[in-house]
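Each of the next two complexes has chain A plus one other chain: chain B in the first, chain C in the second.
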Partner chain A sequence: MNTALLIAPLAISGLSAALAALISLTDKIVNNYGECIISVNGGKKELTVQGGSSMLATLAEQQIFIPSACGGRGSCGECKVKCTTDVGPHVPTEMPWMTPSDLKNNVHLSCQFKVKGDVGIEIPEYLFYVKRYKATVERITDLTHDIKEVYFKLPDGVSTNYKAGQYAQIEVPPYGKIKEPTQRAYSLSSTPNDPNHVEFMIRLVPGGIVTTYVHEHLKEGQKLDVIVPFGEFHVRDTSATMVCVAGGSGMAPFKSIFTTMVEDGSIDKRDVWYFFGARSVRDLFYVEWLSELDEKHERFHFIPALSEPEESDNWQGETGLITEVLDKYLVSDNLKDAEKEGYLCGSPGMLDACMAVMRKHDMEDERIYFDKFA
Partner chain B sequence: MKMSPEFIRAQRNMQPGEITADGFLGDDSRSLIDIIAADEAAMSDLDLAFDDCASQLEDLMEAGRRGLGEPVTIDATWRVKTDEARGVLPSPFEDGVFRKVNATIELVGDASATLRITALSLHLMKRYHFLQGLGAAFRIEPRMLKRVLKR
Partner chain C sequence: MNAPDIGLFSLFFASIFTSNILLANFLGMCSFIAISKDLKSSNGLGLAVTVVLTVTGAANWLILHYILIPYDLIYLRFIIFILVIAAMVQILEMVIDRVSQKLYITLGIFLPLITVNCAILGVSLFIEIREYNFVQTVIYSLGSGLGWWLAIVALAAIRNKTEKTKTVPAGLQGSGLTMITIGLMALAFIGFSGMLSVQ
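Now for the complex of A and B:
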């Protein structure tokens, strides 16, 4: 009887092991796609890769980082690539993200299809230059009650190359109930002329996985993965008057842009109007620096506006919603007849409202720029 | 009650850390289908229709967005403050993505009558009759809903 008791579990274990080995073997045979060639942008890059992984992960292994705020879970819709060869039909998890134009042009989420053979894709050229770094938090500064500025140092000897206005992705590790690393996109507030550092302004979003980590757990000296640079928000090389509007942490790309314009002298070569909206004085920051730019540079104009100043603020500047203030200035003698470009950074609601005001004053959509990830 | 694979997957996606830091279930240990069934009964007892209430909340949130983050008073009855962040959140039912916009709606003159809603929570309410678990940050309590919407 004792022997029977021993044999039964042993037999079951043996069978289970055999079954697991068979599954593993089958997986290797069935899902072995061997070497595949990914042709990027009509052959500008030819990558020889091992098939079987998602396109997103395969490209990342080749140091090509497609924007992905969710890290490849199919929940952010940012990792779109245009396929120039057949990669199969769209899967249900892709469909919420696909526009009619995407479907027509064979655009797929790169995290949702596997590399199973030779394949051609098209991606924006600037993605060839995106890199992933293990960056060290050098300084964390409270800008307001809900915005922190985080200044990272890249590894020694490394320097990154980006345009003022672009954004990066920060990845935070699992913490508390969060079981997986999580990535989110943030505008860079640093200057490209400080290539060994990158800086961000991060506003606490209630329930936000990454912003909660940054505000409640991140410490100076800690290392995080930073993937940089992304985006096509940057100053266009024209002589048009720049009408810039931001609120809250939307200040970030403008800090980068104005610092760079001071460094290269372009701040004295074209007119810049910067409208910054906040609720009360406690939500304002960098006012001294921007006011100083306004005083020093004749063509730079800083217009802070408070929508609900407190009595104790003793506020002497513009009041009202930033859209109301913008509306007022766009009919002023300074701006009315000027050739203008719009530069926006803030919440989607603010972007929509500012776009409406700009359109009302005949500014063209094609000349109004903002972060694509907004 | 037995749950479909779609609901099992949705309940998994509702756990803390999957889509949002705190998840959608609060400290409620019931299954998704039981939460929905209980809230459908509560709404029916209060003579509230999910679609009608969701539409009214959507209108209030949309009106509140015009304040660009500042409180807006609507029909001298509701004070609505919206807050938006960049990016989108996927539905736990994997049927779409929604802007990160939330609104706090309170009755003018009665700050204790307050609801917190999001673009996603209204979708879950309308399509699945899911008002979120007890203790969840964006739980829509039927009695509070009746009070705030003055129905």
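Now for the complex of A and C:
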């Protein structure tokens, strides 16, 4: 009886081990695609990789981080890449994310196909520079009652390469009831001319995993993973008038953009109108700095607007929703006939409302820029 | 070992037709009904089931006779047979992924589902109950696989035809009519069982 008790588990575990060995052996033989060459952006970069893993994982090994919120499970639809060679038909798991033009242009989810031979892909150029760093919190400042500014120092000797206006992903460790590391996107408010630091403005979102962590748990001196940079939001090099609209922590990319424009002098070379919406005076910040810019630089205009000013605020400026104020200014003499570019940062609802107003005043969709990730 | 006294050809023929694993034993019904909507996928799945059946039948016979019986572990046969089936399906999945991307995508989720196809476990258990020897085991597993393949392709072809006619009452469309069709097919197959049987 005793030997039987021993033999049964032994037999099962022995057999399982043998089968597992057989599976991994087959995996080694069958999934051995040898060395494959991934040609990125028409040969601008050639990567020699070991085939057999998903494109997303293979590129991550090569330090190219395609944006992916779900980590390769095919449930976020963000890791799209355009393939210039045949990588097989679209699989059912990626179909929900494919638009008709994606299907036509051979766009695939990079987590859903394996590298099985030489392939060509096209990805946005900035992804070459995306890197993951362990950043140290150097300073946390309260901007308003619900927005904190967090200033990170990157490891010594590291310098980032991003354009003012782009965003980064912050990863917070598991805490409380949250069992997995969580990543969220935040616009960089620091300037690229300070390449050893990154800075963010983070508004407390009730129930938000990362914002709650930042507001309630994050301490100076602590280290967090920061992946930087992402996004297509940056100043286009034209002479058109910039119509910038932001609300709340949407200030972040504009702090970066205006600081950089002051530094390189371009703030005096084109007209900039900055509309900033808030509820009441206690939600306003950086007003002094922006008013000073307005005074010093003739072509820079700062228009703060409060939607619900309190009586004690003694508010003299614009009131009403930011869209109403924008609507009013877009028909003013200054802006009516100018060649315009729109720059937006804020909640998805605000973005859509501002887009509608801009469209109404004949601004072209292709010249309205934003990164929607909230 | 008292292997049953049955000719190899008879065993092969019987396992395909008169004792068809699907239509005489009604094993492996779920994928039979789900996949038979489409002729092409049925064909692919039939092939996959045949290969898995043959390989696992043989592998399980070896394990049964060289490990389970000598060490008196026969009561572990369910769990061990399932383990072997799961491993074989994994391996087959990798091989198909490599060899034919098209078949891999067509089979999709149904390939891993072969693991829980009761026809596969059923065949392994029949082999034990009927005390086949190794050659008989291989013939019987292969025959059962081919029988399953034949049945699903036949059903898919019939469904293809019936779906094109507009005379099926609404209440019977889809699985309703499929169940009736399977019943009629089973009658036809069992009709031959007087000729030859391995039950």
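We adopt the following convention: the second predicted complex is superposed on the first by the 357 of 374 C-alpha atoms of A that agree within 3 Å, B and C clash if a C-alpha of one lies under 4 Å from a C-alpha of the other, contacts with A are read in each partner's own complex, and residues count from 1 in each chain.
By definition in this document, contacts are C-beta pairs under 8 Å (C-beta built on N, C-alpha and C of every residue); 3 or more make two chains touch, one makes a residue touch a chain.
Note that the coordinates shown come from a computational prediction; the quantities given were computed from them, not determined experimentally.
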| item | value |
| --- | --- |
| Touching partner for A:Val137 - first (chain B), second (chain C), both, neither | neither |
| Chain B versus chain C as contact partner of A:Leu22, first or second or both or neither | second |
| First (chain B), second (chain C), both or neither touched by A:Gly277 | first |
| More chain A residues in contact [chain B versus chain C] | B |
| Touching partner for A:Leu127 - first (chain B), second (chain C), both, neither | neither |
| Touching partner for A:Ile12 - first (chain B), second (chain C), both, neither | second |
| Common interface residues of chain A - those touching chain B in one complex and chain C in the other | 92 |
| Of all residues in chain A, those that touch chain C in their complex | 4, 7-8, 11-12, 15-16, 19-20, 22-23, 26-27, 30-31, 88-89, 91-92, 114 |
| Complex interface listing, chain C residues touching chain A | 63, 67-68, 71-73, 76, 79-80, 83-84, 87, 90-91, 94-95, 97-98, 101-102, 105, 108 |
| Complex contact set, residues of chain A against chain B | 69-70, 75-77, 92-93, 96-97, 174, 176-180, 184-185, 203, 205-209, 211-212, 247, 277, 279, 307-308, 321-323, 347-350, 353, 371, 373-374 |
| List of chain B residues in touch with chain A within their complex | 15-17, 19-23, 65-70, 82-88, 90, 94-97, 99-102, 137 |
